[in-house]
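Every chain is named by a letter (A, B, C and D) in the order it is written, and numbering of its residues begins at 1.
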C-alpha cells in the first residue's frame, strides 16, 4: 500500500494524464449513434497504431550488427504501419458510406 | 518563439494537464439544459474556491512576527473560505429548488 | 505524499462533480461530491503540507480562525439569502475568490523579491526543473502577476456586478469608454512585462500600481454593461477566478488548484457562451453593452395601433369560467414578489375546476431558471410547470393565457421581425390561445427595450398595475364569484 | 524539443479526431485530423528523436523500408476489401498493432536484461525521477511485461476473431473452458510477477514462456465466443491494444503514445459496452458466450402453430399494386449478397409508382451500421433509408412489408416475452402493416437462436429461398406484369 502511494506520488503527472485521458475517452464518445459504432471502432483502432512510434525508436536504436534485433524491429515497424495506414484508410472508406448523413 | 517552444517542452506535463482539463471542462458541461445554468455557474464558482489551499499555505508559511503578512494571509483564508463554503451551500440550496426534476 | 493522493481525489471529484451538476437528476449529488473533494484537499493541506525545509505549516491559530469565520459567515449568508437574490450571492462569493487569489500573489511577490536579495535562497521554491534563477524569476513573477491581475479584475468586477444586481449601482458609461478600457489594459500589461523583464530590482511600487490599475479595470469593465446582463458577466468573471486559482496551482505545483482552476476556467467560459446563446446574443454584444443601450432608446419608440384594456372583474370572470388557463410568468412577477399570490390564484382556479398550468420560458426573468426558482419558492407544484416546447403545443387548446410581467419572451417580433434584436429567440406563442391577458404596469418595453406587437393584437387585452396588487384584487374577486 | 510540441499536437489531434468521429456530420474530418496528427508524430520521431546519448536514430534504410511496405500493403488491403468484410479488416489491423506492441516489449526486455549486466549503464533509460536501480527494474519490467501480455493477447485474439468472421474458424469450446482460461491467466500473472520480483537474473526463458502463454490465452479467450459477437470482441481487443500502446508511452515517456493509447483504451471499452447495450446484452453475457450456446439449442425449439407460404408471382402482384412498400433488410441479405438485386427491385417498384422505403434496425446484420454499408454499396439513395423510430411510425400506413433475411430485429418476443433473451430490445414493428412477407431459407432461427412468432401471425406469409435467387425471380416477374 505504502509502496503504491509512493509510486503514485512519484509519477503523479503520469497518473493525472492517464486519469484525465480516461475521462476524456469516455466523455468524447459518450453520445455516438449506434450506426457510427463500426467507423468509430475502426478510427480508434487506427489511433492506437501510434504504437508505431515505439517500433521506430526500437528500430532506430538497434545495433546494425544485431540481426535478430534488426529483424524484430523491422517486423514491428511493418506491423505498426499496417495498423496506422490500414486503419485510417478503412475508416475513411467506411465513412464515405455515411457521407449522405450530412444532408 | 524558440524560447516558447523550450518552455513548453520543459513543462510539458503541465501543458498536457492544462490542455486536457480544458477539453474536459468543455466536454463535461456541453449538454447542460439552460434551466441549470445558474446552479452550474454557482457550483463552478465554489470549485474555484480551491484557491483557499494557496491561502492556507501562505498563512501557514508566514513569519509569526511579520504582522502585515499574517493579516494578509488571514484575510486570504477568510475570503477563500467564504468562496468555498458559501459557494457550495448556495448551490445546494438552488438545487433543492429543482429537486422535483428527478421525477 | 499521501497529500498528493488527496489532491488527486480532489481533482477527480471536481470533474465528476461538474459533470453531474450538468444533469438535473444528479446535480445535487454532483455538488456534494465536489464539496467532499474540496474538504479532503483543505484538511490534507493543513495537516500534511510540508514546506521546502520539510517543516509543517505554522500559525494554526490564524488558519483555523480564518476557516471558522469564513465558514460561519459563508453558511449564514448562503442560508438566509433570498432565492431570487442568489446571483448576487454568487457574484459576491466569486469576488471573494478573486480577492483571495490576488492576496496570495501579493504575499508571494514579497517573498520572491525577498529571496532575490539572498541569492543563495533562489533555488528555494524553484518550480521548474533545470531553469536558471533568471528563468525562475521570469516564470514565477509571470505567474504571480497573472494571478494578481486576473484575481483583482475578477474581484472588483464581481463587486460592481453585485452592486448592480441589488440595485445599489446603476449602469454608467462615458464616451470612448471601450477605448479607455483597452488602453488601461495595455498599460497594465506593459507594467507587468516590465517587472518580469527587469528582475534586478523587483520594484514593488510598480507591483502595487498594477494591483490598483487591475482593480480599476475590473470596475470599468463591468460598469457599462446592462444590469440585466449581470448573470452573463458573473459567469465570465467566474471563469476568470478559475484561471487565477490555476495560477496558484502553477506557483505551488498544486495539481488540485491547477486542475480545479482550469476546469472552472474552461467550463465557465463555455457556460458564458451558452447563456448568451439562450438569449440569442453574442458574448461580444453583451460586453460592449450595445443592447443595454438600446433599452433606453426602446422607450422612445411610439406605440403602433391601439390596444384594449380589461378590468380586474372581467378578468376574474374570464378566468373562472375557462377550462384551461396558462400563466406566463416573467421578470415583472419577480420584481413584484408576487409569486405567492400567483400560487393562490392558481389554487383558487383549480378549486373551480379550471386546469391551470405555468409556461416557463428558459430565459424568462434575469437569470436562467429564475422562474423555476421563483415559483418553487412559493411551493408551486413542479408538475404544473411546462417547458417552452410543451407549453407551445398546449396554447392552441387554451382558453386564457395570463401573462404576468413577461414581455420579451412573448414578443412575436422574435419570429417575424428579422430586424429585431431578439429575432430568432424561441418564444412562447401565446397568440395561439383564445384570449391573452397581459399584466404589466405600463406600455414600457422590457429588457430588450423593444415594442411588443402582442399588446396590440385583437386577442390581447392589457391589465395594468403592479403584478402583486393586481393579483391580490383578482383573487378577492374570484372568491366572491 | 520541437518533437515534444509535435507529440502534443498529435495528442490533441487524437482527442479532437475521436470527438468528431462520434458525430455523423463531422466523422470523416475527424478521421483525417487524427491521421494528420499521427503523420506529424511519425515524421517527427524519425528525424527529431534523440537517444540518451543525444545521437539521432539509425537504420533509416530499415525504418523507411518498413514504413513503405506497411503503407503499400495496408492501403491496398484497405482499398480492395469488401464493404461487408470491413470488421474482419479492422480485426486484422488491430492484431497487427498488438503484435507490434509485443515485439517492442521483447526488444526492450532484452535491452534491459543486457543493461543489468553492465550495472554502470543501469541509469540509462531510467524513466522515473529518483528511483533506484531496483525500482527502475521493477517499473520498467512491469511496463514491458504488461505491454507484452496485453499486446500478445490482443494479437492472437484478433486473429481468431478475424478467422471467425470470414468463416475460416468456427466456434469451439470444451467443458470448463472458462475455468481453464482463468487458470491460464493466473499462471501468466504469476510468472510475470516472478520476473518483476527476482531481478538478479532476468530469466528470458520465463519471459518467452509468458509470451507463448499470452498468445494461447488470446486464442482460448476468443474461441468460445459466438461468431456473431465478433464485432463486440474486436472492439474489446481494440481497447486492449490501446492499453498496450500506452505501456510503450510509459516506457519511452512518450506522451503521444501514452495519451493515444489510454484514449483508445477508455473509449474502446465504453464503445464495447455501448455495442452490447444496442443488442441489449451485457458484456459478460457476450464474453461467456452463453448466448452463442443458446443459438444451437434454439434450433431445437419446435415451431408453434402453423404458417402460410406465398409464391413469388403472388408476391410480385402484391408488391406491384401496393402504394407503400417497406423493405426490412437483415443479416440474410448480406449473406446472400443480394443488395444489388434488392436495389433493382426497389427501382422497378418505384417506376410502377410504388413508394418504397427501407427500414433500418440499428443492429440488423452483424456489425453496427451493417445495413447502411450494405445498401450504400448498392447505391441505394440514402433518403430511402429510415431509422427505426421513423420506420415504426410509417408501418401502420404501409401495405406490404418485405422482410429480407431479417429475423431477430422483427421478433415481437422482444416486446411481449420477458423470458426471451432479446426481451427489451427495440424492434421494427412490422405487424402494424397490412401484409408482411418474410423471405428466408427455412424456419431456422437467427442470431439469437429463438423462434419468431411473427412467422405464425395471420398477416405474415413466408417466401422461402435464398434472398438473392428469390429477389431475382421476383424482379423477373414484376417486369412481365
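As a convention for this text, contacts are C-beta pairs under 8 Å (C-beta built on N, C-alpha and C of every residue); 3 or more make two chains touch, one makes a residue touch a chain.
Nothing here was measured: the structure is a model prediction, and the numbers come from that model.
Colleague: Over half of the residue-numbered contact pairs in common: that is the test. Which of A-D, B-C or B-D passes it against A-C?
Modeller: B-D
Colleague: Between A-D and B-D, which chain pair is linked by the larger number of C-beta contacts?
Modeller: The greater number of contacts lies at A-D.
Colleague: Calculate how many whole Å lie between the centre of chain A and the centre of chain B, each centre taken as the average of the chain's C-alpha atoms.
Modeller: Computed value for the inter-centroid distance: 33 Å.
Colleague: When the centre of a chain is set as the mean of its C-alpha atoms, what distance in Å lies between chain A and chain D?
Modeller: 16
Colleague: When the C-alpha atoms of chain C and chain D are each averaged to a single point, how far apart are the two points in Å?
Modeller: Result: the chain centres lie 46 Å from each other.
Colleague: When the centre of a chain is set as the mean of its C-alpha atoms, what distance in Å lies between chain B and chain D?
Modeller: 41
Colleague: I need the residues of chain C touching at least two other chains; which ones are they?
Modeller: 15, 19, 255, 259
Colleague: For chain A, what residues touch not just one other chain but two or more?
Modeller: Within chain A, residues 16-17, 20-21, 23-24, 27-28, 31 contact more than one other chain.
Colleague: Please list, in label order, each pair of chains that touches.
Modeller: Between chains, contact exists in these pairs: A-B, A-C, A-D, B-C, B-D.
Colleague: Using the touch definition from the top, list the residues of chain D that touch chain A in their complex.
Modeller: Contact set of chain D toward chain A: 10, 14-15, 17-19, 21-25, 27-28, 30-32, 34-35, 38, 41-42, 45-46, 49, 51, 56-60, 62-63, 65-67, 69-71, 73-75, 77-79, 81, 83, 86-87, 89-90, 92-94, 96-97, 99-101, 103-104, 106-108, 110, 128-131, 231, 234-235, 238-239, 241-242, 244-246, 248, 250-252, 254-268, 270-271, 274-275, 278, 360, 362-363, 367-370, 372-373, 376-377, 382-383.
Colleague: Considering only the defined contacts, which chain A positions touch chain B in the complex?
Modeller: Touching chain B: residues 13, 16-17, 20-21, 23-24, 27-28, 31 of chain A.
Colleague: In their shared complex, at which residues does chain B touch chain C?
Modeller: So the residues of chain B in touch with chain C come to 10-11, 14, 17-18, 21-26, 28-62, 64, 69-70, 72-103.
Colleague: Contact residues on chain B for chain D in the complex?
Modeller: 5-6, 8-9, 12, 15-16, 19-20, 23, 27
Colleague: Would you pull the chain C residues touching chain A in the complex into a rising list?
Modeller: 1-2, 4-5, 8, 11-12, 15, 19, 255, 259
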